[in-house]
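There are two complexes below, and they share chain A, which is joined by chain B in the first and by chain C in the second.
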Partner chain A sequence: MEKRLIKKDALTGIIGKIAADTTVYAPVKVEDNVLFKVLEKGDEPLVTLANTKNAPKNFFFPRTEVMLRYTRTTKGMEFSGGEKEAAEAVIFGVRPCDARSFVLLDMLFDQEKYKDPYYIDKRQKTTIVSLACAHPPYATCFCTSVDGQPVSSAGADILLVDLGDQYLAEFITAKGEKLLKYFGDAKADAAADQKKEAIAAQAEKEIKVQIPAKAIKPILDVNFEHPFWDTIYQKCLACGTCTFLCPTCHCFDISDEMKDGDGRRLRNWDSCMFPMFTRETSGHNPRTSQKERWRQRAMHKFKYYVDNFNAIACVGCGRCVMYCPVNIDIRKIVEDISKL
Partner chain B sequence: MENIDKKLREEAKRLLEEKRVDALVGYETGTLPLTATPCFITNPEDAEKLVWNAFCTQNLAKYVHDLISQHRESQKRVKPEDRKKKVFGVVARGCTTRSIVLHLQERQYARDEIVIVGVPCTGYVDRKQLSIIVSGEDIQEGTLEGDQLVVKTTAGEKRIPLQDALSGNCLTCKFNNPIICDVMIGEKAPAIAGAAQEYAEVEDFENLPTEERWAYFTKEMAKCIRCYACRQACPSCYCKTCFVEQSQPQWVGLGEDTTDTQVFQLMRLFHMVGRCVDCGSCISVCPMGVDLRKFLKKLDKDVLDLFESRAGSSMEDLPPLSRFKEHDKEDFVFNP
Partner chain C sequence: MQNPYIPYPVELIKIVTEVDTKDIKTFRFAFVNKEDAEKYKYIPGQFGELSIFGKGESPIGIASSPTQPGYVEFTVQKAGVVTSALHEMEEGTRMGLRGPLGNSWPIEFLEGKNIVIVGGGFAFTTLRSLINYMIYGDNRKRFGKITVVYGARNPGLLIYKEELEAWAQRDDIDLNVTVDKGDSTWKGREGFVPTVCREVAPSSENAVTVICGPPIMIRFTLPVFFDLGFSKENIITSLEMRMKCGIGKCGRCNVGSKYVCKDGPVFSLAELDKLTKEY
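And then the complex of A and B:
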């Protein structure tokens, strides 16, 4: 594996150079929010940040995606493709938890049986530059409870580790190595590796929250009907904040928009928290209340995904914990389930 | 504050023990520092959880409406002679009672289906404002000491005057004591100093050229991710099916199209005419920080100017869209 050392103040310049040649998505301060967005001229990418409010999934699985277009003609319907093929791109500044979300999303969108061409096209053409958490940024971080680590290269093509006085850049994949030329030629030595290991060990210690996320699967297996589910949903507003900000939530809804003879088929983010989510054409809704919807959210993350892919669909970023408007805390829910 | 918590708990316990309410909606301490969260109490012992402080944000009238409509729905399948009435208690400050008044005026439920436990209010902390004050640093611990917030972030400890972190709507609130209630906890709160300047911001906004106002609207709406948290938190948004979710006809597209988002927000704003109580719930829940209040407050001012009405300000002050007055202004209909 290629490794380079780069000066602290050189990083912004490196991102700028990459951005001159290809599309770069990076964390940018937009008014009061830190958001991933396309880096445009004049934008200053943040290199010291906690984490972004929005998860980076949007770049592979956009909130709205055109799947196909159609036109009604005298000879019948004529179809054409959706968006044009994706361009090469780089996402900079992805935290290890969010980088791991790509590994989890790949399991679904890029599995042997079903391949999602829209997701895969963008995923393959995008290089992920991850920024390790030398100090986990939030008191709500719990990545180590769900198989993650604050200093981890899972899901990343390049991993940057802040060694204090400089960055260590590890080029994990061949895709990452293609960007080698931007990172100068100061090769990393064994001392840098040792420093990284020490930082990683320390960072893991700094994560204060441990939840029994991996222990609850067998409990969920047998407790689909349990009075516990009556206790968690009442204050839920049924908004989409948790699912829309979540790096791993991936449910979508397909809708057609047509005007005169021209139409397009869209794939939009959907949320299991929305009452409309499972409403059927007849008007019947199998999930009649927020109770069933909340059970679904918990089950999908900690049971169904494990059943299907042997992985928990949560990376421990803590966004849903921090931004739920009514403080429904998934950490507490997991904790409570473990005691059922 | 401790005293008020004690009184509140005693009262809630009594209401539940005497079976005057089947359930009570209040606030309990949240899992994050400096937060409180809605809670639902049916067991008198659980009344100990209740708190009333500057971190109680959500307008609980929303839950009262939900609980009553859910109960009524459940009774539809019960034989008429076996149907049960349920009474819900609610911890309510000024704006919450304004929403309740509005619900009552709009015949959403009857007065005897609710017991209002009134609380005095001096405003609640705006989490987003607090986050700006601490430069976005993660708040790891926090306490309220008198009128100072003591906040511990990754950057160290900081003392913040509570006043600086209060929500914008609270700083100019004219209705910080319950409009109606069955039992009042504690003394009435003193009037809010900034209430005289209630519309100052709106007036500034009104004085901007049209293009600038439109640019502001466009900029704010571009932040919206259509999570519908604003609608869901709003006590006045209680349509069984929101127009956004109707499919025949489909009024508005579901994607991230700019105009679709604007149409959703515009329609919601106009549904708030004469019905917004300025509780700030929509703004506090918005994950993206869309400034909805600017537009809601403008509509509020228009209704006051044109029809001399304030949503939920008294049982007699009916919403202008729910009443007819012969001398209602109507020139704007013909000559906007």
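And then the complex of A and C:
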């Protein structure tokens, strides 16, 4: 693996140079929020931020996306074009939990039999530059409970580790190596590796929260019907914030939109927390209350995904914990399930 | 990579109004491009997404049989946006079709066995596909005795009437058509599907039941088959859940860890026992 050392104050310049050649998305302050956005001349990418409010899944699985277009002809409505091809891009500053969410989403969108061309096209053309968490930023972080690590390259093409006075850049994939030329020629030595290991070990210790997320699958297997489910949902407003911010939630709706003679078919994020999500035309709804919807959310993340892909569909980013307006805490729910 | 979300262009070439209430019609489509017809290789029990640009898509079971080349048929009840738009359409209109989607009736498992088909109402569609497949030419030899029990509320609600008559002429199907209540012209059987199943009493010896219909019919019919000695492995049905993508991505149609669109819609009762009861 190629490794480079770069001076701390050189990083912004490197990002700027990449941005002159390709589209770069980086965390930027937008009003009160830190969000990923296209880096334009004069933008200051935040290299020391904690994490963005929104998850970067938006780059491969946008909140709204055109799937196809059609137009009115004498024969009726006819197909007039498929998806736009994605352009090459670099996402800078993805935290390891979010980078790992791409690995989890790949399992779903890039399966053997059914492939999702919209997701795959963008994913293949995008290089992920991940920024290790030398100091896990939030009290709500729990990546280590769900197979993650604050210093990890899972899902990344390049991993940057803050060694204190400089950054260690590891070029994980061939796609990452294509950016090697921007990073100078100071090769990393064994001392840098050692320093990284020490930082990784320390960062792991700094994660305050441990939850038994990996232990609850057998409990969920046999407790679909359990009075516990009657106790967790009452406060829930069905607002969908938890699923929209979640880096691994992937549910979507498909809808059509027409203006004059032209139209397009769109996909939009949807949420299992919404009552209409499973409602059939007849009025029948297999999930009649927020109880069934919350059970679905918990089951999907900690059982169904494990059944299907042998992985938990949560990366421990803590967003749903931080932003739920009524303070429903998935960590507490996992904890409670482990005691059923 | 073929984009599974882009429908094949199809032309509506024939519309048959199936019932007196006029809200169930069979739509026959031909592929606009010959090579698409080649790609649309389906097995009875699968479904397609009928795609109307500007309106949306609906998952509908394939009602024709692969032994009827040149077209695909769907029998659709007028319900909401897409199905209503479809019911407004005239022959010659172009629209879209995705698929074929889902698993299918387990043809290989059915081979060499006696087959009991039980259908209620317009859920008879993919069963019709299966029957036409099994009785087509040499296919007939691959299956044992075929018994069909099909019921509707009244004679005007029976679908595929011409075909029912044709099947009744054959000596290699035991066809039992019933209505809950007949009218002055009805000469056939009267009675609910579960009752008729009990009267017909097909043997469970080397036999499989394939059943589709309204939930209430299924609820009352299953005990009849348990009494006749059918095991849960040998009772097969098809599930319905709200769908969008049809390929296991949009997260809408799961029952437990199975996606009805991709892992179903066909399941045996034994398989359903292992899933949650959320459908």
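Heads up, the rule we're going with is that the second predicted complex is superposed on the first by the 336 of 340 C-alpha atoms of A that agree within 3 Å, B and C clash if a C-alpha of one lies under 4 Å from a C-alpha of the other, contacts with A are read in each partner's own complex, and residues count from 1 in each chain.
Here, a residue touches a chain if its C-beta (ideal position, glycine included) is under 8 Å from a C-beta of that chain, and two chains touch if they have at least 3 such contacts.
This is a predicted model, so every value here is computed, not measured.
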Identify the partner contact of A:K115: answer first if only chain B is touched, second if only chain C is, both if each is, neither if none is. second
In the overlaid three-chain picture, which partner chain does A:D253 touch, first (chain B) or second (chain C), both, or neither? both
Based on the superposed arrangement, let me know which partner A:N327 touches: chain B (first), chain C (second), both, or neither? first
Quick check for you: in the superposed arrangement, does A:E280 touch first (chain B), second (chain C), both or neither? second
Contact-wise, after the overlay, does A:D32 reach chain B, chain C, both or neither (first, second, both, neither)? first
Could you tell me if A:L245 is touching chain B, chain C, both of them or neither one (first, second, both, neither)? first
Let me test your reading of the model: by the given contact rule, A:L68 touches which partner, first (chain B), second (chain C), both or neither? second
For chain A, what residues appear in both contact lists, the one with chain B and the one with chain C? 253, 255
Chain C-touching residues of chain A, taken from the complex the two chains share: 67-68, 70, 75-79, 82-83, 108-109, 111, 114-118, 120, 224, 250-256, 258, 263, 265, 267, 270, 272, 277-282, 286-287, 292, 296, 299-300, 303-304, 307-308
With touch defined as at the start, can you tell me which chain A residues reach chain B in the complex? 31-34, 50, 53-54, 62-64, 135, 137-140, 234-235, 237-241, 244-245, 253, 255, 257, 266, 268, 271, 274, 276, 289, 321-323, 325-329, 331-332
Where on chain C does chain A make contact in their complex? 1, 3-7, 9, 52-57, 79-80, 83, 93-96, 240-242, 244-245, 247-257, 262, 276, 278-279
The chain B residues in contact with chain A across the complex are 30-32, 35, 37-40, 58, 62-63, 70, 128, 131-132, 136-140, 154, 223, 225-229, 231-233, 245, 253-257, 284-285, 287-289
